[in-house]
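Handing you this structure, nothing more for now.
For reference, chains read A, B, C, D and E in written order, and residue numbers begin at 1 within each chain.
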Amino acid sequence: ATLDDVKARGSLNCGVSTGLTGFSAPDANGVWQGFDVAVCRAVAAAVLGDPMAVEFVPTTGQTRFTALASGEIDVLARNTTWTFSRDVDLKFEFIGVNYYDGQGFMVPKALGVSSAKELDGATVCIQTGTTTELNLADFFRVNNISYEPVPIETNAEAQQQYLAGACDVYTTDASGLAATRASFEAPGDHVILPEIISKEPLGPLVRHGDSEWGDIVRWTLNALVAAEEYGVTSANIGELSAAPGNNPEINRLLGTEGELGAMFGLEADWAKKAIMANGNYGEIFEKTIGENTPIGLSRGLNAQWTEGGLLYSPPFR
Amino acid sequence: MQQQSTTSVDLSHMTVSDEVAIQITKMNKWYGNFHVLRDIDLTVYRGERIVIAGPSGSGKSTMIRCINRLEEHQAGKIVVDGTELGSDLKNIDKIRSEVGMVFQHFNLFPHLTILENCTLAPIWVRKIPKKEAEATAMHFLEKVKIPEQANKYPGQLSGGQQQRVAIARSLCMKPRIMLFDEPTSALDPEMIKEVLDTMVSLAEEGMTMICVTHEMGFAQAVANRVIFMDAGQIVEQNEPKEFFNNPQHERTKLFLSQILGH
Amino acid sequence: MTTMTDPPGQGFRLSQLIYDTRYRSLTIQVVAMILLMLLFSWLVSNTIHNLQNLGKDFDFGFLWQPSGYDINQRLIDYNSQSTHGRAALVGILNTLLVAALGCALATVLGVIAGVLRLSNNWLVARLMAFYVEGFRNVPLLLWIVLIFALMTEGTPAPSAFRGDTPSASMLFDAVAITNRGVYIPAIHFNAAFFESGLYNWLLIIAVFAASVFAVKRIGHWAAVKQEATGDRPTTWYLTLGVLIVPTAILMVLMGAYFDLPSLQGFNFGGGVHLRGSLIALWLALSLYTGAFIAEIVRGGILAISKGQSEAAFALGLRPGTTMNLVILPQALRVIIPPLISQFLNLTKNSSLAIAVGYMDARSTLGGITINQTGRELEGMLLLGLFYLVLSLLISGVMNVYNNSVKLKER
Amino acid sequence: MSDTHAQTVAFVRDTMTEQQEPPLSQSGAYKWMRENLLSTPLNVILTLVSVWLIYSVLSHVMPWAVFGIWDASSLSECRTIRDELYGADANVACWAVISERWKQLLFGFYPPEHYWRPVLAFVLFLVAISPVLFSSLPRKLLAFSVVAPFILFWLIWGGTIWGPICVALGFVIGWAIIRYASPYIGALGSVILAIVVPLLYWFVLAGPLDDLLASILPIGLEQVQSKQMGGFMLAMIIGISGIALSLPLGIVLALGRQSDLFLINKCSVIFIEVIRGVPLIVWLFTASLLLNYFLPPGTNFDLMLRVIIMVTLFSSAYIAEVVRGGLAALPKGQYEAADALGLDYWKSMRLVILPQALKISIPGIVNTFIGLFKDTTLVVFIGLLDPIGLSNAIRASTEWNGIYWELFVFIGLCFFIFCFSMGRYSLFLEKKLRREHR
Amino acid sequence: MQQQSTTSVDLSHMTVSDEVAIQITKMNKWYGNFHVLRDIDLTVYRGERIVIAGPSGSGKSTMIRCINRLEEHQAGKIVVDGTELGSDLKNIDKIRSEVGMVFQHFNLFPHLTILENCTLAPIWVRKIPKKEAEATAMHFLEKVKIPEQANKYPGQLSGGQQQRVAIARSLCMKPRIMLFDEPTSALDPEMIKEVLDTMVSLAEEGMTMICVTHEMGFAQAVANRVIFMDAGQIVEQNEPKEFFNNPQHERTKLFLSQILGH
């Protein structure tokens, strides 16, 4: 089983994107950082007790699924949209959503375009092997306008082509657009068009057939979300986990009460370690892509359900 | 054709024993549909020196190549030193290590020194310690009169010297029978003599030899028996004097007239 | 006295399997067969097991499902509603297109460079040596990336052609070189004979082919005439006329006109769009392979001994005739086999299209389709088969050619 | 009849003419120019075109390259310096990216304090390969060539020294069995044993033995992950191990293709043709994506190792063809002489045929290696950091975003120097072989 | 050196006209700085058969190659059949089609049959109808005694046959002068005779011939004049009998003693 493999290996193989600032990119020291990376680290912390025990495998839109299916990676955390066919036909298991997104368009301001409908005849940079590629085809077909797709492997390449003017428009998940624009020299020269043409619930996924492993990843993600909901942060987690407090939900989450960890073969404090890795969901968001980062994404749909968002962790019981 | 100086050697003191070295009975061979050797019958006694002559394409090479199984015969029987040549690899190996062969084009191994050429088979086939093999090799190199070349490579030797090395290489396996396939026909006239002299000295020691050659001087001087082949058959065999002076078969007469008429 | 032993007993002994030449080869082959089978069944059972674990099956049905993605360069009708199979076909055609274009240009470049490298002009020979060594000793991928970068970074975007004082302008008002590719005039018909452009072009090609055939007849006629009278009639103007006039007349009849590219909206409209990816891949493949071909051509010409041309000169043949009748026919025998294997390499190397996003067979069948359907095993198998069949076809052609021109020896 | 001319033309020279200088028009720079640059109108045109071409390329490239800026920490800093020195519209190279990152391009993310290891490994590799390449060197060096692979492996990947030693021990065991056991159990038996025993040893004993020795006497170097290797070092590792490992397989395939045994022959042919008929990149994808399908569930090994395996299979097909050429070039007499001396198939191959065939094949092998070395750049598509992959990575960093030519020029130049000199060597070898064959 | 059977031919009935076929005056040639031909003066009359001898490297080949401008001379004058060889392309073409040349290595075109080899130049240079050219070719092939090989390829013929084809090929252009550059030195002894016989029969027909050869038997039997060259100069020339029996120059004596001493 995957869990045994990971334990035996002593490290988690985690598929991430080849480089998307804020989501997954190596920093100056070669250490991977970002929103998606944090999920991997949390899982590694939960399973192995060490958030750094992760081997990151950079994947492109095209290679990610084969990498996962062939077992080269144990979990794929690469802003991947949860779709029916990926779940059912490609035989993967999406274990949740860590970012609710939609597909957007970015154009240079100088082009004077204000709506995606005005893009008739435009050249569009698009990452191959993504849902955005399919959505794009649908969008232009439905609106009966023409376009010229320029297929591209990685975000870095797309950025380069777009900046060089080899395409008029770059389209991908809105979060990806924001992240890309943030790394431009002059982000202000580019606008993200108002249309969001699709639903893109992005989440980590694992292979079909190993439900125990799926459970571990799923509940690790849930733990991060729940932690934010219950106000467990990396600042107060030490205190909270030292002794059982009066919130049983928190106690069960942090393993000071009940046997949740043992149920799927982890230590009792698995969730504590996972949260300690990078903080709770909210902390991770703020640190990596939040409004105070150059990427500057607001929580929007990704706020807790209690705050009008869609994040809703099932109970730890 | 130049007559060689070898005519002066007297080999009459040498005895031929009754022991059979090679016994070929009703041997036939085909290349595809082409019948190369037809009903060959031949008995060679130990110590005999046989010369095979015949026009080109008559199957001389093929016959002696059958004797150490470089070619496979398809019918009949070849018994060498009491061992029948069949498809049994062990027998083949045994026979090959008892039968030495010298080729027209020497076929020395160019990447090995003369000494290594001579010790290769003794060491790897006979499993003789290297020292001993080298001593034997030097002995035979002295015999063919080129011990001083032992550490050179074949490419550095003249054709005649190369052929003598080839003979020494065969001798190092201490074979009981030696086969020669036109050993001098790739050589310049001066070198032919060197090689023939070596062969004569071998003959003097009583080695059983079968030699395909057109050197009729050599045949007359050394052979016990001359065999004439044509179209895959043995047409005539006789002792040399009779053979040359008094050929019986028409084909032999014709052949001899051509050979000697040059 | 004889020490002949009786022939060994006729009974079959086990050791004969190894030591008897009759059975030995059989034994070896059977053992090899068994080992091979074991290896295969091991691999297959692993695969089956792994597929089962993943809950997948082995099924080519995906080829008939709609693909959902668009392909920018398509030689046949295709849209996002077409099947994956058709997408694969589009990719295959794209591969064949760039391979064919590449082979053609590489041959031209190679022949020119090879001949010039032998030129007695020192400067030109050096220059060609520089070209050949430069391209042969640097990885193809680097050249592809480099030329693509040159295309995207070194040329203006279409927007540069816009405005009252554009910073870039078209060559002869007909060709626009942009970082999205090159736009060249297209030929269109306003009195076309058929609805579909394809048929019109087929007609033109047919007429042109007929002209070529006629030219061949003219050549034949000239040869017959020469055989009869010794004088070869001058035919070049006839040839030229026959080659051009019928096609030209047909074009005029069909109301052919140039459709010049012009800036429309975001991009140039009209004309033919040669995409940057195609151009970069094409140029890089051609330049790279051309360098190898140059060496082959040079070697081929050098392989024809100087004596051949001297003999021809001594007979009074002019250099041109010598080239045509003596040198080339011989050089070609030497050149063509390695040339074809270069074509083979070029075709295989076209799979580096991945570096520039050119939609070849690997990108469609072996890329997006695999990714959208999760059929990596089936997809890669088909892709491998495609290349394999292509290679075998090309080398088959080579063998036929080799056998047909083999020099007769004794 | 007038056969008289013969008499009238009888002639005997009394004074010999001395060697004279050729007429002026026949010598010196003038003649050289006339003959080499301006001999015909076409030639004049070609010369002019070439001069123009050279001028226009150099006039663009030279100032760019020569005035390049070597000292800056980012592209924007480069541009500031350029603006100060030459003004804003000057076009000059920013070589600073090379001076800052050249180590990375050479070694990837190999820990800098351990750079000496790959460097030393490279030097040792040169020493090990030299007796193979230059036949004038003492044969004793070959002994070093035999142990070198283990040393090189250890130097580059690190870990305890016992790992490579334990692996090497397996080979020693196999060799010892063949050497000493064959008199007792026969050639065939000893060969089978020599394959089975080391395999058993490697699978069962080597691991524990390694651990044991390591715990008793922990000598070793710090371990370095394959992931951390990149750049030209990666290209070298893949290329060299690919060729070295494919050599035995290639030889076996070549022998198989020459074999009379139908099945063996056909299998070799199919293997060779299939491998050669499909682009390397497809094989690399297979290695990275599909290999796990064919292996037992749960196997998971290093991507680099998988690439090396695939590259080995790939180049073995090419090597097989090269070696086949070498085998075919040997005269039939060599095979017959070996047979006539009583050497069996394997002995005659090992002692007589292969030493000669391989020597003839070395130029071809070197050429295969050049091709393979260039092809290692393709690993960028499966996520290994070869020089081109690293250049992408460097370009992706904020400091150097937007830099192209400098990196390409540097990488191209490195490849060129390496491949060109290897190519020259192989030419030299071919010429030498041709001389020796006469 | 074997004396060929050609010695028995008697050519004394043949006439040499007064007409000048080739006139070379003060011809000089350099290869780079190396002075290969120095002040060559030579007049060849129509019908003359000239043999050129001399040590290797003395410039024999270079001289006859200058005559049909395979090499360019740098000073002096060469007039062939009244036409001066200069840089004028027309003159060169004219001379080349009147001067036939046979090379040491035959230089047949391997991709053409024997017949095509022989008709190529007549058809393309002389513009003769194919039928006619083929008839001529067959005529000359019969003359060199190999009409039956007409449809084979050069690779299928022996060396001697190939050289005879090369002669026939030259003859098909109906040249008035034939140049031979060591036509027999690449051949086996038996084949030399075939070719020399062909050349003798040509000589009998009064063809003007210049022949570089070491076959002194041929020279004695056929030549009107023997020219001896050394170090790029004509050292001595004389009629054969005188030349061989009574050489004047030291250099000639030395050379002859070496050649004949074999």
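A few notes on this one:
Here is the rule we use: a residue touches a chain if its C-beta (ideal position, glycine included) is under 8 Å from a C-beta of that chain, and two chains touch if they have at least 3 such contacts.
Since the model is a prediction, treat every value here as computed from it, not as a measurement.
Hopping across touching chains, the smallest step count from chain B to chain E is 2. Taken together, chain D and chain E share the touching chains C. Relative to chain D, the most remote chain by averaged C-alpha coordinates is E. Of all chains shown, D has the CA centroid lying nearest to the centroid of every protein CA atom. In this assembly, the chain whose C-alpha centre lies farthest from chain A is E. Inter-chain centre distance (chain C to chain E, centres taken as mean C-alpha positions): 50 Å. Separating the CA-averaged centres of chain A and chain C is a span of 43 Å. Here the spacing of chain C and chain D, counted between their Cα centres, is 27 Å. If you average the CA atoms of chain A and of chain E, the two centres end up 90 Å from each other. Residues of chain A in contact with two or more other chains: 63, 66, 70-71, 160. Chain contacts: chain C has residues 18, 50, 53, 153, 354, 376 touching two or more partner chains.
According to the touch criterion at the top of this document, the contacting chain pairs are A-C, A-D, B-C, B-D, C-D, C-E, D-E.
Every residue of chain B that touches chain C in the complex is listed here, in rising order: 18-20, 23, 72, 77, 79, 82-84, 86-90, 92. Within the complex formed with chain A, the chain D residues making contact are 109, 227, 288-293, 297-298, 300, 303, 382-383, 392, 395-398, 401.
Residues of chain A that touch chain D in their complex: 5, 9, 13, 18-19, 28, 30, 55, 57-59, 63, 66-67, 70-72, 156, 160, 183, 185.
The residues of chain E lying in touch with chain D in their complex are 12-16, 18, 28, 30, 32-33, 35, 38-39, 43, 45, 48, 74-75, 224-225, 231-239, 242, 248-249. Across the complex, chain E is touched by residues 226-232, 305, 307-308, 310-318, 321, 325-326, 329-330, 333, 407-410 of chain C.
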